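Labels run A, B, C and D following the written order; every chain starts at residue 1.
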Amino acid sequence: MQLKNKIRAALNEKKILLMTHLVLGYPSLSVNREVIRQMVENGVDIIEMQIPFSEPIADGPMILKANQDSIAGGITVKECLEFAAEITAAYDIPFLFMTYYNIIYKYGEEAFFKKAVEIGIQGFIVPDLPPEEGESFHRLAAKYGIAPILIFAPTSTDDRMKEVTASAKGFIYCVARRGVTGKKTEFTEDFDSYMARCRKATDLPLAVGFGISGKEDVDYLVGKADIAVIGTRTIQLVDAEGAAAVGPFVAGLR
Amino acid sequence: MQLKNKIRAALNEKKILLMTHLVLGYPSLSVNREVIRQMVENGVDIIEMQIPFSEPIADGPMILKANQDSIAGGITVKECLEFAAEITAAYDIPFLFMTYYNIIYKYGEEAFFKKAVEIGIQGFIVPDLPPEEGESFHRLAAKYGIAPILIFAPTSTDDRMKEVTASAKGFIYCVARRGVTGKKTEFTEDFDSYMARCRKATDLPLAVGFGISGKEDVDYLVGKADIAVIGTRTIQLVDAEGAAAVGPFVAGLR
Amino acid sequence: MTDKKGYYGQWGGAFIPEVLHETFVQLNAAYNDARADSAFWKEYIALMGSYSCRPTPLTHVENLSRHFNGAQIFVKREDLNHTGAHKANNVMGQGLLVRRMGKKRVIAETGAGQHGVATATMAARFGFECTIYMGEEDVMRQRPNVFWMEKLGATVVPVTSGARTLKDAMNEAFRDWVTSMDDTHYVIGTVCGPHPFPEMVAWFQSIIGSEARKQITEVFGKLPSRVYACVGGGSNAMGVFQGFLDDPDVELIGVEAGGKGLETGRHATRLTGDDASAGVAQGYKTMFLQDDDGQMRDTHSVAAGLDYIGVSPILTDLWEKGRVRFATATDDEVMNALDLTMKKEGIIPALESAHAFVQAYKEAGELTPDDAIIINMSGRGDKDIFTIAHAFGDPSWKEFIREKGAEYAAEK
Amino acid sequence: MTDKKGYYGQWGGAFIPEVLHETFVQLNAAYNDARADSAFWKEYIALMGSYSCRPTPLTHVENLSRHFNGAQIFVKREDLNHTGAHKANNVMGQGLLVRRMGKKRVIAETGAGQHGVATATMAARFGFECTIYMGEEDVMRQRPNVFWMEKLGATVVPVTSGARTLKDAMNEAFRDWVTSMDDTHYVIGTVCGPHPFPEMVAWFQSIIGSEARKQITEVFGKLPSRVYACVGGGSNAMGVFQGFLDDPDVELIGVEAGGKGLETGRHATRLTGDDASAGVAQGYKTMFLQDDDGQMRDTHSVAAGLDYIGVSPILTDLWEKGRVRFATATDDEVMNALDLTMKKEGIIPALESAHAFVQAYKEAGELTPDDAIIINMSGRGDKDIFTIAHAFGDPSWKEFIREKGAEYAAEK
């Protein structure tokens, strides 16, 4: 089933879906494994697994550090892919790859898509690949049935949103504010009118990410967005309290 | 009696005269006093007393240091003049002042000449005052009957020697070589022809200084010059062996 | 030479986070406007003439020419620019553009600090706020430049992520920009990054080449046989090469940092040798020093300004097309060339620039006195005393620093 | 303006040891020949254009002009010369003269090291042997300049006599010269010393004023109301003033080093205040800082290049005749002016030059935007990082030096 349809179906049962994020290899694949278990068992709907890259320009300090520590720890793309295969086999929710374009480019674009299909990955989030630069990427995405998750930002004009939507599948990732991942977002009227513009621009479900850190935020997003994305917060949690803390946290979000 | 005539008279008795040099206040006036006594008692014919100056550009390291130490020790021009008065009163040989022009200029040129006459000084050696710059100086020298001792150098042309002689009285100070005081002079054929040129250029007695350090040098000068000038060597001697060593040294020179 | 906008052959592009899309739309518009407006270029030329000292001279180094007994060697003196390097051309140009866009703040990355000082200078002159990102490692190594940036009124932010050097500072500048783009312009320091930066920086730097072409024609009566420039990001090289791109008889040679030698892996050589491969990072596509997974590698050069993973997409294209030849100079060769240049001509190239001298010296003897070659001297070395004196291992310098250090330690 | 050859009013002359008489005869002849030969000046201009970057710009500093809400302030950018100061004008000119005289070796005195570096540079370029005399105190304080001089191929001789600073280095250079004059020329660093040096150095430096006059007329349409320059020996001041000496409406202001304040006695102020008196030393007659006996006093300034007992006889004459007004800037005022200039305009005056800025800033508000003033920026400050960072008491700088010092100490 297509990612978009899966999301639509899930939304029949839940007011808002939860998508979580983690960086593969940080602090280790075995901790990742446990974190994912806790997430899935506590009701997370979608998980984006970030394959680390040495130059993650769209990420804030926390995720940046996770990327770099993971690489410093010796993680390879191959290990990430193997791990992903294991995970998708174990759990029946959609898994996405989040990574920077160079990882895909170096692997070989088509080979990477093939591999993702083989693993059962449903979508890619590539924050440094705007649609104009992704011609072959989008061709291959269509060919292999992988959803290219594209991004709206508060700085996107209506026209730009239209343009982006045209290449997007699955859902749209609405960046909640300017800046990078990791800082708290203050929800204001501006945010509401931004979300209204997003809704108008696309038929795809809307995920909201950047700075979503607790139940209050998730509650605020109900009715405005379809998916709440928790990124940095769970990494912080694992750093501070270990993988076991993730389950209760996730359970309390909704 | 005029300085020149005194020298001529003395040369009737000696093959060569000895002129020695010291820096007033170095290492102290009381050591100067003793050194002068030793010099006079051992047959020195003329003594040049250097009033120290902070910028003695024509002097080498040893005399330079003597100048600067003397000033650092607090010597004043006034003390130098008083000391000179005491010395000229005590000994019956010609005494000269050697100093740089600024000392005279600052004191007041005419006042300085007056004072020198009062003290009984017979001549001035001012190494940074070429005749062209000494118009008032030479007028005053004539007026007060003080001999302006001028300088020939190996670099002086015959014409220049003529020019210099025209303003000179007493004797000519022939610098033995290029450079500053203190370094040993090697006497070569060049030196002999230089001395011949000097002799031709002037009727005044010729003193030779710079690097004259022992009997051998003095002997060499006999017949070529009228006065041998010992500068740095006695300062070194006093530094190394004390004032008492000066007498025997001087006695052994001729 | 672009097929697709912002591409040079297969290289270039604008791989930017979506949040910057609008910023780039505006930047492209402002840049294209400025480029179409001849008054803008006139203003730029006037500014560089009255604030820096353009045209910079082309010095005929006769002693070196004789020494190598070959071509007449000419040196394009970018070291005489205000702030001491060609970096001034780029920052002052971008400064004019920022004023045109009505922005009030600039940010920049810096490695050695040269571009940081230039940007801080420009910001002071234009009255902009200024934040400079600099790897923590570099902040410590290049304290003199940090001191000047701060004195010029800039805030210097030490970057503690990654290798804590240039590329990380660049990433960090992007992170600032995605927050602050409404009033802030990111002044990239070289002909790299997402479109329109490579094209824009190359445009501002083209002032070097157009001057040099005019000057060599005047003093030598004909074009040079070869033109040498060091290549970090590639801005000084692109600057001088543009004067001669359309003259097929003028050979253009880019010189990369060979560090401890290609075979050691401790270098920053992208287009000579086989250590680099195509990739996409920091917003553009070029040849990067990266591993098989696409992770960027640590690089090394005695010259901080050449110590970078990527290279201008425009140069990569010219390399691929065979228009620009690339060569490599090791740290040791650089120190020797520096020494010779100082002693023979009284000029002190920056360590970066000295790379170009190395290759020119290797080749000068292949030509005759009827030929001319131009070396682009991108900057002056006296700003690098800590690095240069250290690299020469000068004992008196070390003693001086020891004593100064002890003096300051005693104050604590 | 000279009655007697080499005199300016009652000042100047050539108080030289007899052994140098012939050397000066030859020097005067060579200088007069060169001066009469228009090809010589043409060659000089060409050299300064191709090796240094003359004409140096005249920068309109608009931010500062607005800040003081008075005259339009223009800065003559001698900092953009090769080696970073106006000293280049003098040494390159003397270099041409040395070549003309057929001598093979040059010597020079240096205080801060600026003139030493310039001379070493010139010597490298002309292929002369080079010895630089520098007070031992200064060798220790100004190690970076010593490093460059040595790298440029010069021998640096630490002078251990006297106060072990500039004047002692000058005496020592004379001592070398009286031995070596046959093949050696003494490149005096400023408009002082025995005739023909003041006149000759002023001639070479006049390039500043003739450019500035032309430039201000072009960009401002009329002459400036006032021209400011710092005065150590007086060469940069004489350089720029000569462009306007015959324009009685242009007021010329020389700014001396006030050090810790005139009242403290720790300064180097000859023509402001009453601490100096007429004297003869170092070969010429001028106002010297000396005691009642005629012994030279210790001087003080944060700017090593102004820290000198004497002053150009030409300036003393212009002062006596009322053509040049003199003022004083204290060390503290200098640091403030430096700070303001960096922050407002992105230019870093040398500590010496900053003295001129101080006085201009004090007076700019007395004039209107229809008036222009010119500040001669004799050199750039970035060469002085050790002094400037120290004078600002910058804690990070001190920490940096402590760490570097510890690193080098550990190597022992």
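Assorted remarks:
Please note the rule applied: a residue touches a chain if its C-beta (ideal position, glycine included) is under 8 Å from a C-beta of that chain, and two chains touch if they have at least 3 such contacts.
The shown structure was predicted, so the numbers you read here are calculated from the model rather than taken from an experiment.
Taking the mean of the C-alpha atoms as each chain's centre, subunit A and subunit D sit 65 Å apart.
Per-chain Cα centroids separate subunit A from subunit B by 97 Å. A straight line joining the Cα centres of subunit C and subunit D is 33 Å long.
Taken as a graph of touching chains, this assembly is arranged as a line, each chain contacting the next along an open chain of partners. Contacting chain pairs in the structure are A-C, B-D, C-D. Taken in their complex, subunit C has these residues touching subunit A: 13-23, 161-162, 167, 171, 174-175, 178-181, 277-283, 288, 290, 292-296. Subunit C meets subunit D in the complex at residues 49-53, 56-60, 63, 77, 80-82, 84, 120-125, 127, 140, 143-144, 146-148, 151-153, 219, 339, 342-348, 382-383, 385-386, 389, 392, 394, 396-406, 408-409, 411. Every residue of subunit B that touches subunit D in the complex is listed here, in rising order: 53-58, 60-61, 64-65, 68, 71, 76-77, 100-103, 105-107, 127-130, 132-133, 150-157, 160, 164, 175, 178-180.
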